[in-house]
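Multiple structures are listed underneath, in structure tokens.
Next come two complexes built around chain A: one with chain B, the other with chain C.
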Partner chain A sequence: MTQRVSRAILIALFLGMLGAGIFAPYPYARQFRDEIAAPPARAHLLGTDPLGRDRLSRLWYGGRISVLLAPAATLLSVGIALLIALASVILGRWWERGVKTAIDLFLSLPWLFLLLTVRGLLPLNTPPAASLLVTFALLGLLGWPGPARVLIAAAERQAQSDYVLQTRARGCGAWRTALRHIAPNLAPVIRAQFWTTAPAYLLAEANLALLGLGIAEPMPSWGNLLRELQNPAVAHDIAVWIPLILLVITMGCCQLAEPIEEASL
Partner chain B sequence: MNQSFRRFAGAGLRQGLMLLLTLTATAMLSALLIGSAPGIGMDERQLDLRLSERSIDAIRSRRFVTGVGAYLRDVVTGDWGVSISLGRPVRELVRERGGLTLKTLGGGLTLAWTLALGLSLILEDLHWHGPERAAALLAGGLLCLPAAMVALLSVRLDLSPALALATVIGPRIFRYVRNILAAWSRMPYVLAARARGAAGLALVCRHICIPAAPELLALGGISAGMAIGVVIPVETVCGSPGVGQLVWLAAMGRDLPVLIHLTVLVAAAVSGANLVCDALRAFLERAT
Partner chain C sequence: MRIVSALFFLAGVLPAAPQWGGTLRIALHEEPKTLNPILVDDIASETVRYLTGGVLVRVDRVTQRSEPALAVSWKVLDGGKTIRFELRRGVRFSDGTPFTAEDVVHTMELLLDPSLHSPVGDSFRTMAGPVHVSAEGAYGVAVRFPAVLAGGVALFDGAAMVSSRSPLKEMAVLGPFRVAAHKPGAYIRLERNPYYWKTEAGRRLPYLDAVYLEIQPNRDVELLHFRRGELDLMSSLDPDQFEEIGRERPAWVKDVGACLDSEFLWFNMGETAPLPASRKTWFASRNFRLAVSHGIRRDDLCRIVYHGHATPGIGPFPAENLFWFKRGLAPHSFDLALARRLLTQDGFRFDGHKLRDRAGNAVEFSLITNSGNTARERMASMIQQDLSELGIQLNIVTLDFPSLLDRIGRTMQYESCLLGFNNVDPDPDGQMNLWLSSSSNHAWNPRQAMPVTPWEAEIDRLMRAQASEPQPLRRKALFDSVQEIVVEQAPILYLVNRHALIAMSPQLADVRPSVLSPRVLWNIDRMYLTR
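After this line comes the complex of A and B, so read on.
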């Protein structure tokens, strides 16, 4: 029951954010210079920010970016991890050892530290669209070691199972066995990794944005909108807290939508 | 006895070699990464029209990453270079800020572990569904908050950075500790002890905590790594002038000499913490 409700909320949020262009009353960057930091009113249901932009519109567009791109980055990470796991089954022990050493190396650096360092190495004064791509591509490209470790172990277990031995005995090649027989059987592990990784990326984006290394203005994301809370002059306004409430609801639903006994360390 | 000691020492040697390999590889990778970063080696002073051609040539010829070999030699000899944005030796900056970060990390980890372990032990002893669910809900709720947001709230409430750190990593530690203790409490010998009337914290400590100690120690190493990651947003948002804040300043200012050395330092700290925890776990397993 809880699982169904959580999934329903997530789907509703996802669809709602997809329709930002329809539901949002104004473009996210439009400034109303006569209504700077205005309180909630009929024209602006959540008021305007200190630059005179409609908060509801920014919340909607920001949600679209966060809710679409965090799963996209997760798919990239899990996709890379799956390829590495299948390659370890096909290419044998030397590849597997090399990959495991690389994973240990990656995991010896805390995730947020790695993200900040690599983000710092890239140019910071990029256009908003480029910063959006850089942020989520970084999340996707640096997040593969965790899922890869789990998927390699699962692929190894599958490779040693009877049905794989039987397919090999019948003359099925290594690539075909990996793609046609092992990969589909990894689906539950892939799903679990997706549900573990996507919320972590939502949080990582919010952390990066709060530290000023996220998506560039004026493009909104939930993380960018949380930056308004750093301004004590507007922090008392309940409308400023709505992105945080939405983020917490999304994170909570992600935790409940796919209960995982042993969350990955 | 002698043979088991030799095996223990061999494992320790292997772990030490792995640590050395990790650090060398991290240093080489970060040097390579920094060498290929866009805009590397460019200095805004090159555009200064007041400088002579010779001065500009001198600036242009000054490269702080001259190669992996030279970099490793500098690290070993203690020359960590000079920060571009702060204009001070990196070693001095790290020494100056390290104490505060260690204090924040120590305080945060101690508090998080005390709360997580204490709450888990109490819940294990009581076996009440209500408090169990409430604790799971609280931990789940706190896990939904970004670390920087928790730090921001701690600033608003005038709380210390160590407390913010404990609030971020405490729920994670609690979840893992709770799972480990719950798994051990389902062991047949624990069920038998309960059936014979054994109860209370003595049962939990003696029959659940002590056998689970190796797993808890492994978690200790992982939690140290988590805390080092979390200390960056916490110190940055709380305005605490530690190494975490230095990482952020270096990332914002593209201060590559600082970033490269801090990467190696953080890798050493995380690997070292895991090594110590692994050695303690091996020792404990050998003793029991």
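After this line comes the complex of A and C, so read on.
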């Protein structure tokens, strides 16, 4: 039941954010300079931010970026991790040792700083949309070691199981065994890794945004909408908290979307 | 009965007599790096020096004129190369040691000692050749500079005297307070100097018994302590804090007016900068720079980003710099028609919603600013929308501060930059490193071997001339010309001057806040508490 509700909420959010262009009442960058930090009203249902931009419109568009791109980056990470895990089954111990060393090395890297450095190297006139894609692509490319560690262990367990022994005894090759027999049996672990990694990327984007180094203005994301909370003067306004509430709900639903027994497989 | 009523009436109308005693509690935003007045190099140390140090000349922060302090008078001789001070007699350091000309000579020797690297001393060593300081009797001192040092008298406002004979060395002071206790990272407690030279009604000032300096780097905690009544004064509020206190207690806050700090934007005009040729051409064009300036709604920046606590920027100084500001200059007004006309004169054309140059390139450039500075990020967003009305696409890039400094100071890999300038010196000499074309801080095109443009050569000439001109009015005329050139050529687009915002307890009396630093504490010896 919990999983169904969580998944339903996530699907609703996903579809809702896809339709940002339809539902958002105004362009996200438009500044209503005579309605600065206005309280909720008919014209602006969630009020306006300190630059007079409609909060509801920014929430829709910001959600589109966060809810669509975080899963995309997660798919990239988990995809890389799966390939590495299958390769470790096929290529044997030397590959496995090498990969595990690389994982330890990657996990010990201060990757937030690495991300900042890479973003700092981007050309200054990179359009906001391109910088956004680069940010999430970097998150995806740098985030494979965590899922890879889990998937390698799961793939090794599968490789030592009886059914794999049987397929090999029947003359099935290593590649075919890995792709046709082991990979499908890793599906629950892959799903669990997906649902646990996606919230981490939502948070990573929020962290970058809070440092002022996230998605470039005027493009919104839930992360840079949260920056308003740094101003104690507006913290009493419930509309300011909505991005945080949505972020927490999304992250919670991600954690609950996969059955616990499968996630711990 | 009538007499009694009249007395009550007078008691209500006449100002209450200042009260003696009490402790003023304020916050320092960092631990002072030093308590030695010779070595002061940070704001916290400067605050302690201001409260404890005695100086020959004090600049009145309200009138902005130099007033006698430990020197009762001075004369400028040799066409501005020599200043002769006559010292106040009967003055003693806080430990009772007498103050004489020997102490002034000793202080100046320390300030000018190259091995001590005194930042205060640096301001006296701006020209080649040694500075000679000699005692002329017990109460006369002559300071001889190798060349004319315009505005040299005001420099002594920052030179706190130290004793040549006291066993306490630099801890023996001549200011209103002396250091009584110091717990690093927590507080500094100052107590009244029993030998302070100023008197009132036959008693030695200051009125206050002590000043408690809480070392509090967190501005939100400082605000909390102030609202709880644990601090009496906040001398540097941001607009949000000002509004927050003002909503609860309007009488506790005061907007003093535009301070010398300015926020501005400039284009990279470096000849060797790694920029496309089209952009170099745009940025080198006076019409383009002026068009961008006229396309920005400065009033909106002040109203929205600073909640009205800022003034549209004009040039190097705001009108609040009473002597040096050139009267009659006005900020570049928001005028889209004028901006379009200027662009058309330079061959730009409007293609739908896009502006294109002669070669057909769409006009698009990036603006860098430091991340984490909400006001600058908001200004950048507003400028982005304003310039879109001219068909210009502005890409905002926020960078961490070291990366930004590297780009603007070393690699020159940027197109335009939005930054601020914290200016504590009302004298144009304090901006010498910004305006001289050879300077590494000449923002738009640093380290020029020879001035690239005729107007930069003219600014160089005028700045050098005013620096060696002893007559203040002639100096002002020269600097007025610099201000005119800056407004005409727009190498820097001045956006806003932030206002000095303070909050103080109503129990604090005789506070005369100023836009100059230190904004409130400059007359600490006359401030008193009514509790």
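Please note the rule applied: the second predicted complex is superposed on the first by the 239 of 265 C-alpha atoms of A that agree within 3 Å, B and C clash if a C-alpha of one lies under 4 Å from a C-alpha of the other, contacts with A are read in each partner's own complex, and residues count from 1 in each chain.
Heads up, the rule we're going with is that a contact is a pair of C-beta atoms (placed from the backbone, for glycine too) under 8 Å apart; a residue touches a chain by one contact, two chains touch by 3 or more.
Everything numeric here is computed off the predicted structure, so don't read it as measured data.
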When the two structures are overlaid on chain A, which partner does A:T167 contact: first (chain B), second (chain C), both, or neither? neither
Go through the superposed model and pick first if A:G120 touches only chain B, second if only chain C, both, or neither. both
Touch test for A:N185: chain B only (first), chain C only (second), both, or neither? neither
Is the number of chain A residues in contact higher for chain B or for chain C? B
Contacts of A:D104 with chain B and chain C, given as first, second, both or neither: first
Where chain A meets both chain C and chain B, residue numbers: 116, 120, 124, 211-213, 230
Which chain A residues qualify as touching chain C in the complex? 29, 31, 33, 36, 50-52, 116, 120, 124-128, 211-213, 216-218, 227, 230-233
Sites on chain C touched by chain A in the complex: 220, 240, 243-244, 300, 303-304, 364-366, 368, 371-374, 377-378, 380-382, 384-385, 395-400, 403, 413-415
Residue ranges of chain B touching chain A (in the complex, touch as defined): 18, 21-22, 25-26, 29-30, 33-34, 37-39, 140-141, 143-149, 152, 156, 175-176, 179, 219, 222, 225-226, 228-230, 232-233, 236-237, 247-248, 250-252, 254, 256, 259, 262-263, 266-267, 270-271, 274
Taking the touch rule as given, give the residues of chain A at its contact with chain B in the complex, in rising order. 101, 104-105, 108-113, 116-124, 199, 203, 206-207, 210-213, 223, 226, 229-230, 235, 244, 247-248, 251-252, 255, 261-263, 265
